[in-house]
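Can you read through this structure? Questions will come right after.
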Amino acid sequence: MKKKLISLISTVLLVSSGFAAWAAGTPNSSIIHIALTAPITGDYAEYGNNFKHSVEMAIDEINANGGVLNKKFELSVGDSKGDPKESAMLAQKWTSDSTIVAQIGDFTSTCCMAAQPIYNRAGMIQLSPTASHTKFASGSKWSFSVYGSQYWEQPVMAALAVDKLKFKNMALLYINNDWGVDTQKSFKENFEKRGGKIVATESYFQGETDFNAVLTKLKEFKPDALFLATMYNDGALISKQREKMSWNLPVIGASALYSPQLIQLGGTAVNGIYSNVSFFAKDPDPRIQAYVSTFEKKFGNTPNFAAALAYDCVYILADAIKRAGSVDRNAVRDALASSKDFKGLAGSITFTAERNAIKTYKPVQVINGEFQLVE
Amino acid sequence: MFLQQLINGIAQGSLFALIAISFSLVWGLLRMVNFAMGELYMLGAYAGWLVVMHVTPNLGVALFAGFMVGWIVGWLIEKVAFKAMRGVPHIASLVCTIGFSFFLKETASTLFGAETKSMPSYYSQTAFTIAEANISWLQVLMVAVAIIMMVLLQLLFYRTKVGLAVRAVALDYRTASLMGMKVDRVTSLAFSLSGALVGFVGVLAAIYYNAVNAGMGFVPAIKGFTAAVFGGITSIPGAILGGYLLGAIENLSVKFMSSGYRDFVSFLILIIFLLFRPNGILGKKTKL
Amino acid sequence: MNTFMAMPLKRNQTPFWIGAVVLVLAVPGLLGGSDYLIQIATMMALYVVLASSLNLIIGFTGMYSLGHGAFYGIGAYTSAILAINLDWTFWVTMPIAGILTALVGAFLGLATLRLRQTFLVFGTLAFGEIVRILIMNWPSLTRGPMGIPGIPPPSILGFELVSSTQYYYLILVFAILMVFLIFRLYHSRVGRAWVAIREDEIAASSMGISVFGYKVLAFTIACLIAGLAGAFYAHFITFISADQFGMNESFLILTMVALGGTGSIIGPIIGALILIIIPEAFRFLAEYRMVLYGALLILVIVVKPEGLAGVKGLFAPASGARRFSFLRSGFSAECEKVEGAK
């Protein structure tokens, strides 16, 4: 027994000291170390990899141009799998490392919110490209979201639906997660304020592939149009199934529908769909064109809204570090909070007092298999 | 619209029914659940997608590819998770299939990329219209294929020597072995067949929903499993009946209540059945 | 059946346990105060509790449960809702969470434990999904998909436990208490009855053991502990949502028990430690991390089907002879298995 005890204790000692050595980083004054938390594996891997590609690209560009404050950026990537537990674990990992200045991520709001208290306690910037939960950015002075809340997006969509397209009775279909609920609620509010009427609301869970039943049900209410609060892959699936049941009606949807993948997956079924964008890949702005063509060359697909938002995160962070004049966590946070009219790919970014980005959205429509701005 | 929901339910039920048969096959022989079933479905769909995109747009070839991939991976899972682990507690095999589920899903995701792939439509034109309800050729095909598969399996089990062997092994291992049957080979065959069926369904589903991704198997596998228990996991006609009933009930429940409760209804039915009729609708009465 | 394959822990193992306790108490010091490593250690302690409680069901009485994540979730949600809506302290909400979870568990147990053990797999799985769907569809109570943020951390005599080290000790004390409780239970009259049921139900009932009663008891106690663990988790992570208690969570806990070795005290502990450390240690593999995780899981289970602690009699006299049973014809073993399932 004694032997086993001794061997067990020594194993634990060995392992733990190894870990301790591994976890401790050495500070280096010529680099700016930032961390990215993203779902590289698991159900959200697609978005996580988009984050990773964009962030790496932005950092390479900044470093090629001489870096910030004569320092080069260095990136650590952590895979959260879309699991809040792992996101919190990574938050501890990043905050334990004194060389890390700020963290970008995570993708889902639930992951961000599980990690939030840790960043808050440690005093590290938690800059999420996509967290949209109403209680996220307001929950800690260290949390920022560049997604832009539904507060700015849905009035644009409601105005489009009521004023331009003259819809009176609409049906809603949303994904049952925090983002879907928020989007759907906000659209409903704005639409009803403008005198529209929501005749039916249905939801589905993440991972569902069969929408025939909900669509058939919504069809019974004979709405003028359908609003989709879904990601683009589900949006494409829904449109295909709607086309197959030959239910032809105008469809509008949240900005999350904006992706070249929507058209690849949806084909002719998504023609005519209205959405809105803060980042538009066909924008003539040379910065956007340069970004899109480099991204396409490197990764073989056109970047979507999530990729552009992650790209903006790196640049706005670099801008804040430049304005702060140091890599002190507190100074960078204050500089970030006071960002004003920062020119990002996905529109200009100004943070509210609750650290949500104020965004402007432009309506788009799919015409002949391509997104085009609606005048 | 009641009719339309029923038709949707029956089409979806065909998919559930075929998955349910696979669970029944494995259960019947090994009294075991294969938790990697959803991943076999996903791999089948990927195989079909690869064929359609890169080899030939022929639907038959795509379905066959799904069938074969399911067969091979199913065979492999049987060898590793079941055959190599005879005589140890069931839980080891159960966890091994959970390991396979992880491994296959993440491998597909890294190999093919995490984004959803588009699958072209086949036979999506409307075949009939009955009282405003549309039935597409694909839906007809799905139901037909499910029924043909069921008939073929019934013939296989009740008209051939192989089927006799499978039934004998399912009924009583020891006696079957004493009678000189190659129990291992029969088990392996049935397991591969179950994998092949699920792979085949994966291709059908990919065509029906026009999408393929690494996580696509999770929900259908759970539903197929529910359908199998619902109809009686020990009997193949029971599994088929369970699949169709589950499809119909799910789709009709959407008509009468919020779609958020759609899955709730199926799981509630599962629990109620387990409590009051654990052998399902058509299951044989066995000692509890 | 290889009888009492995992009758563990003779008295002379006491020094081992004392050593282990001293060691885990010293962990924060050993880790050089790194919050990340302490967070990992905290999660390990929490999952030691969860895996050990599931082991009460699987390892001690030979039943299956694939809904353990749901009980863990019920505990977490109960405690969080009470703490937020009624502003009650953790020390009140935690036991209530445990008791409520135990009641739900007892109810489910009474309803389903009469079923043949393998049917229990389906029942508990369905139950787990029902709980998740209810959480999602009951926004007035659970805030639905929005989750519950801002759960207050526990406090002792007015001091809020916020630092990782403080929380590590809190969960550690909880874990040690729970493992000790399970250990005592195992060596009590109740524990012997459980093992008797696992080994041979018919023989046990003919000895006058109330098989059904003892099964429900095991299930209830396991749920009680899982509910308590849920409460500790909720106040530790401070934000809970339905996706944290889904089927994957149940699978994870089940895997821990199987990998570590069912039926022994040390087995689930080892399983929990390994399955928490592996995903973290594999981080350098980036997108191949989970591929390798799955492959390793398969490999370990194939090489050591009884679980890591079931081998060579390190902590429990194991049935090492079975390891290579597949090299034999495999058939006699198969017959045993079929009999064992009945």
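Letters A, B and C mark the chains in the order given here, with residues in each chain numbered from 1 onward.
As a convention for this text, a contact is a pair of C-beta atoms (placed from the backbone, for glycine too) under 8 Å apart; a residue touches a chain by one contact, two chains touch by 3 or more.
All values derive from a computational prediction rather than experimental measurement.
The pair of chains sharing the greatest count of C-beta contacts is B-C. Set against the Cα centre of chain C, the chain with the most distant centre is A. One inter-chain figure worth recording: chain B and chain C are separated by 31 Å, centre to centre, where each centre is the mean of the chain's CA atoms. We define each chain's centre as the mean of its Cα atoms; on that basis chain A and chain B are separated by 35 Å.
Chain contacts: chain B has residues 106, 109-110, 258, 260, 263 touching two or more partner chains. Residue positions 41, 45, 49, 176, 205 of chain A are each in touch with at least two other chains. Those residues of chain C in touch with two or more other chains are numbered 133, 136, 287, 290. Those residues of chain A whose C-beta lies close enough to touch chain C in the complex are 1-2, 4-5, 8-9, 12-13, 16-17, 19-20, 23-24, 40-42, 45, 49, 77-79, 81, 83-86, 88-89, 92-93, 95-97, 110, 113-114, 116-118, 121-122, 133, 135, 139, 176-178, 180-181, 205. Interface residues of chain B, counted against chain C in their complex, comprise 31, 33, 35, 80-81, 83-92, 94-96, 98-107, 109-110, 173-174, 177, 183-184, 222, 225-226, 229, 258, 260-261, 263-264, 267-268, 270-271, 274-275, 278, 287-288.
Within the complex formed with chain B, the chain C residues making contact are 58, 64, 111-112, 114-116, 118-119, 121-123, 125-127, 129-130, 133-134, 136-137, 247, 251, 254-255, 257-259, 262, 287-288, 290-291, 293-295, 297-298, 301-302, 305-307, 322, 325-326, 330-338, 340-341. Interface residues of chain A facing chain B in the complex, by the touch rule stated above, are 41, 43, 45-46, 48-49, 176, 202-205, 207-210, 212-214, 216-217, 219-220, 233, 236-237, 240-241, 244-246, 261, 264-265, 267, 301.
Those residues of chain C that touch chain A in the shared complex are 12-13, 15-16, 19-20, 23, 27, 30-32, 34-40, 43, 133, 136, 144-147, 149-150, 162-164, 237-239, 241, 243-244, 279-280, 283, 286-287, 289-290, 314.
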